[in-house]
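See the structures that follow.
Presented sequentially are two complexes of chain A, the first with chain B as partner and the second with chain C.
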Partner chain A sequence: MAQVYGNDFTAPGETPARPATSDEPETFRALLEGEGRVEPRDDLPDAYRRTLVRQIAQHAHSEIIGMQPEGNWISRAPSLRRKAILMAKVQDEAGHGLYLYAAAETLGVDRADLLDQLHSGRQKYSSIFNYPTLTWADMGAIGWLVDGAAIVNQVPLCRCSYGPYARAMIRVCKEESFHQRQGFEILHTLSHGTPAQKAMAQDAVDRYWWPSLMMFGPPDDDSPNSAQSMAWGIKRFSNDDLRQRFVDMAVPQAEALGLTLPDPEIRWNEDRGHHDFGEVDFTELFEVIKGNGPCNAERMAHRVRAHEDGAWVREAANAYADKQAARPGADVA
Partner chain B sequence: MTNAHADYVLGLADDALVSAQRMGWWISRAPQLEEDVALANIGLDQLGQARTLLAHAGSLEGEGRGEDDLAYFRDERDFRNVKLVERPQTDFAVTMARLLVFATWQAELYAVLAHSSDPTLAGVAGKAVKEVAYHVDHARQWVLRLGDGTDESHLRMQVAVDAEWPFVEELFGAVDPALVADGIAADPTVLRPAVLGRVGRVLGEATLTVPHLAPAVAGGREGLHTEHLGFLLAEMQHLSRSHPGASW
Partner chain C sequence: MRDWPLWEVFVRSRRGLSHVHVGSLHAPDAEMALRNARDLYTRRQEGVSLWVVPAAEIVASSPDEADAFFDPAADKIYRHPTFYDVPEGVEHL
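Moving on, here comes the complex of A and B:
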């Protein structure tokens, strides 16, 4: 149970997907032990398949729900260059959704069913997208911190055991690192701009820092499915290790930005070779996962409305395709 | 270089800019994920055209205004776009009806302007020709699917075409004859039959009817807009204007 997209989202008290370890085919074991890639044609244990479907679907859902907080600023971007970069970024996230739904479909499910599960609340998306984007600087903070956290989590997934997922992650990670650089650059410009711009940047970092740390999920001792996912090669590092890696990356970058991270306990620990940092308030995370975050209702309503408003369009496309196929001379493939 | 020249380029720039601004609304709201990607692509193309055209209009004007000065610090009465592109488009059929007309017009226009005696304009148009060919094709595919899809989609598509139609004529409004004579601008009387012919053929193929409706009152090119443009600009410009002189 972890929390960055690319992981499994379950609140305490919910039943996690229950993995079984007994009836795994020999060939599958051998592949995992040899660090080989599992492909759709291979004989996959049911629990592995179910866990992957859930993880990839929730990752896909996160990409498309993640379009909303940034889509919120496309119409208001303060320069045409920034507008173009932001439109392209949100478009990339739609593309990530497409790659990931396609990866999930290799496991024998289809996108329409997965979307229904998102819309009915049976499958989750990353909680970070339940926070509002209140100012332009949030475009910077999201790119720098949220895409940054996504990269820390997803780079190891480029080596995950399931081939289609690993390959999707390679494409996604390339684009995420652009996004992170662009976010950093937005904040850098603001931080070196007028006093009002600098204050806007600091405020955005203050609001997005802790939720970004929560993206890595609960502490390791409280993450029951992690061990199984690691054994299956669909998770490579623990939540706390990834969180530490993220903090170590962010601290010097914050200095370069001239911005302060809102945690007085951050300091370099010579013995550990890492930065110490304050305790994350996981009760907030669990509240947001349960649906009580600042924007849960809006994000779901927006998504469901888009889907329902588009139903007549999808029906028309199907009807047209059927008519075309039925026409004399149509290619019967 | 005359002001008519700068004004002409500014009109084309504003068409593309306002259209891109409307297109951006769809990203996260499209009927399917592929369409979020496609409409973002189209909006990005239009925005790219707007940026180079605005920069060019600014240099023709010669007062040192760049793309952002022109986009963010002009008021409603100074915008030169046609009314077709400024009205809300939150209905997918409306978006496709409008895109079919607008992109077909841009395709014919840019094909001519690719040979303009204004080399900057020719460069922008030469590049944009390929982009708008994709926009036309995309709109055409959807108009066919919706027009010849279900009863509901047929009705909605026809209603959308009827709603856009009165605003089509403004695309062919008079251009300073000197600009045409100098080979800078495209002649609207040449564009008109080409555009209407192509659009009419797509509508026919889609089992839709070409409306017989009187043109709406024009005026966009003189800065006389619908009430919608003010809201669009208020949203687009407010942040920039709240921080005059800031860079982003």
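Moving on, here comes the complex of A and C:
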């Protein structure tokens, strides 16, 4: 299975979404083989459709749940400039969620249903958002590392075989680079500030480094659905390849920040032309996916409360629309 | 909760260019659709003009019949200037 914001996969013991390998329409195979794009009204195999719905929905959920850890710091941003930037970033994430829900709907599902499935725990979101944001420096670490890992995962999705998803990802990726840069800038400023500020930046990187590596999913040998996603042109690179790419980009950036990555095994490997790095503890990842992360319950409770508290706004908008439509000479909508 | 209708959004990025489809959104009425489209699709000055169209009002050709539907143009290569031989030395043609 392909990762997007990470963890579009299941923990051991959970039932995986197993794509049926049965007959695929001739036209569909021809499209894939020609590196063509598949569009909503084409004849799509059920398993392809189900896999995409699951992945795009999970991606959309991750975008909107991802607003919470950063929303936590908007009112406490250290300056008006930082506050305006953080609000713009969080607003972008809401937008990413909406692009993706719209892409999922082209597959014949309904956004309201997808939200129900999120709220009832039947669909997941990325584990990375189940970690707490304890200090202002976490806004820096999230932008630099979490958005950075998301970019590495998402850029190949701009060439995904499903047209509406690929198009949504192009918009998302255009917006993400500002997210990563503003995070890098926060850390750079702290790292070149007082010793206490630098320590705060280092602490945030220490806490976010390993969870960011987990965003790429389990090692390749342990990722049963990847092959099918590759065959369908949904996934283009393996989890381990993407993780390696991310490490190779992060190491020199950490140096430029004057911060260290919390892995004593990181070193340049001349033969491979890549950085070696330590082993990721995937038992932690699977615990977080199963709901045992530090903030799982809080994130869901907040999400459900926000949805319920917003009911009156949706009702008022309906009432207004009805009133407008009932006016003599009103346009149809 | 009643579902809000789906709207397709088109953005004109600059004067002189046509509106291009950028995506869709849900909104209870046309006015809200326009406002939401502004917030969703033009946060970075991507446009100078927006259209929102109820998705249900769009009539589309069918992909199953695409071959039969578009084929009649396939054997009319004489509609392209490259079909014609131009004698050596003839310019501005």
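Quick note on the criterion: the second predicted complex is superposed on the first by the 316 of 333 C-alpha atoms of A that agree within 3 Å, B and C clash if a C-alpha of one lies under 4 Å from a C-alpha of the other, contacts with A are read in each partner's own complex, and residues count from 1 in each chain.
Here is the rule we use: a residue touches a chain if its C-beta (ideal position, glycine included) is under 8 Å from a C-beta of that chain, and two chains touch if they have at least 3 such contacts.
As the structure is a computational prediction, the values presented were derived from the model and not from experiment.
K.L.:
Should A:41 be classified as contacting the first partner (chain B), the second (chain C), both, or neither?
P.N.:
After superposing on A, A:41 lies in contact with chain C but is clear of chain B.
K.L.:
Give one of first, second, both or neither to describe whether A:306 is in contact with chain B, with chain C, with both, or with none.
P.N.:
first
K.L.:
Looking at A:95 after the superposition, I want to know if it touches chain B, chain C, both of them or none. Which is it: first, second, both, neither?
P.N.:
both
K.L.:
For A:167, using the defined touch cut-off, is the partner it touches chain B, chain C, both, or neither? Pick first, second, both or neither.
P.N.:
It touches chain C, and chain B stays clear.
K.L.:
Touching A:110, do we find chain B (first), chain C (second), both, or neither?
P.N.:
In the superposed model, A:110 contacts chain C only, not chain B.
K.L.:
On the A-aligned overlay, A:189 touches which partner chain: chain B = first, chain C = second, or both, or neither?
P.N.:
A:189 contacts chain B only, not chain C.
K.L.:
Once the structures are superposed on A, label A:317 by its partner contacts, choosing first (chain B), second (chain C), both or neither.
P.N.:
both
K.L.:
May I ask you to decide whether A:230 touches chain B, chain C, both, or neither, giving the answer as first, second, both or neither?
P.N.:
So A:230 meets neither chain B nor chain C here.
K.L.:
Could you pull out which residues of chain A sit against chain B in one structure and against chain C in the other?
P.N.:
The overlap between the chain B and chain C interfaces on chain A comprises residues 88, 91, 95, 98, 311, 314-315, 317-318, 320-321.
K.L.:
Which positions of chain A touch chain C when the two form their complex?
P.N.:
39, 41-43, 88, 91-92, 95, 98-99, 102, 105, 110-112, 167-168, 171, 175, 311, 314-315, 317-318, 320-321, 324-325, 331-333
K.L.:
Quick check: in the complex, which residue numbers of chain A touch chain B?
P.N.:
It comes out as residues 64, 67-68, 71, 74-84, 87-88, 90-91, 94-95, 97-98, 101, 136, 186, 189-190, 193-194, 196-197, 302, 305-306, 309-321, 323.
K.L.:
Which residues of chain C touch chain A in the complex?
P.N.:
1-6, 22-32, 39-40, 43-44, 54, 60, 62-64
K.L.:
What part of chain B is in contact with chain A in the complex they form?
P.N.:
So the residues of chain B in touch with chain A come to 17, 21, 24-25, 27-37, 40-41, 43-44, 47-48, 50-51, 54, 67-68, 71-72, 92, 144-146, 148-150, 152-153, 156, 235-236, 238-240, 243, 245-248.
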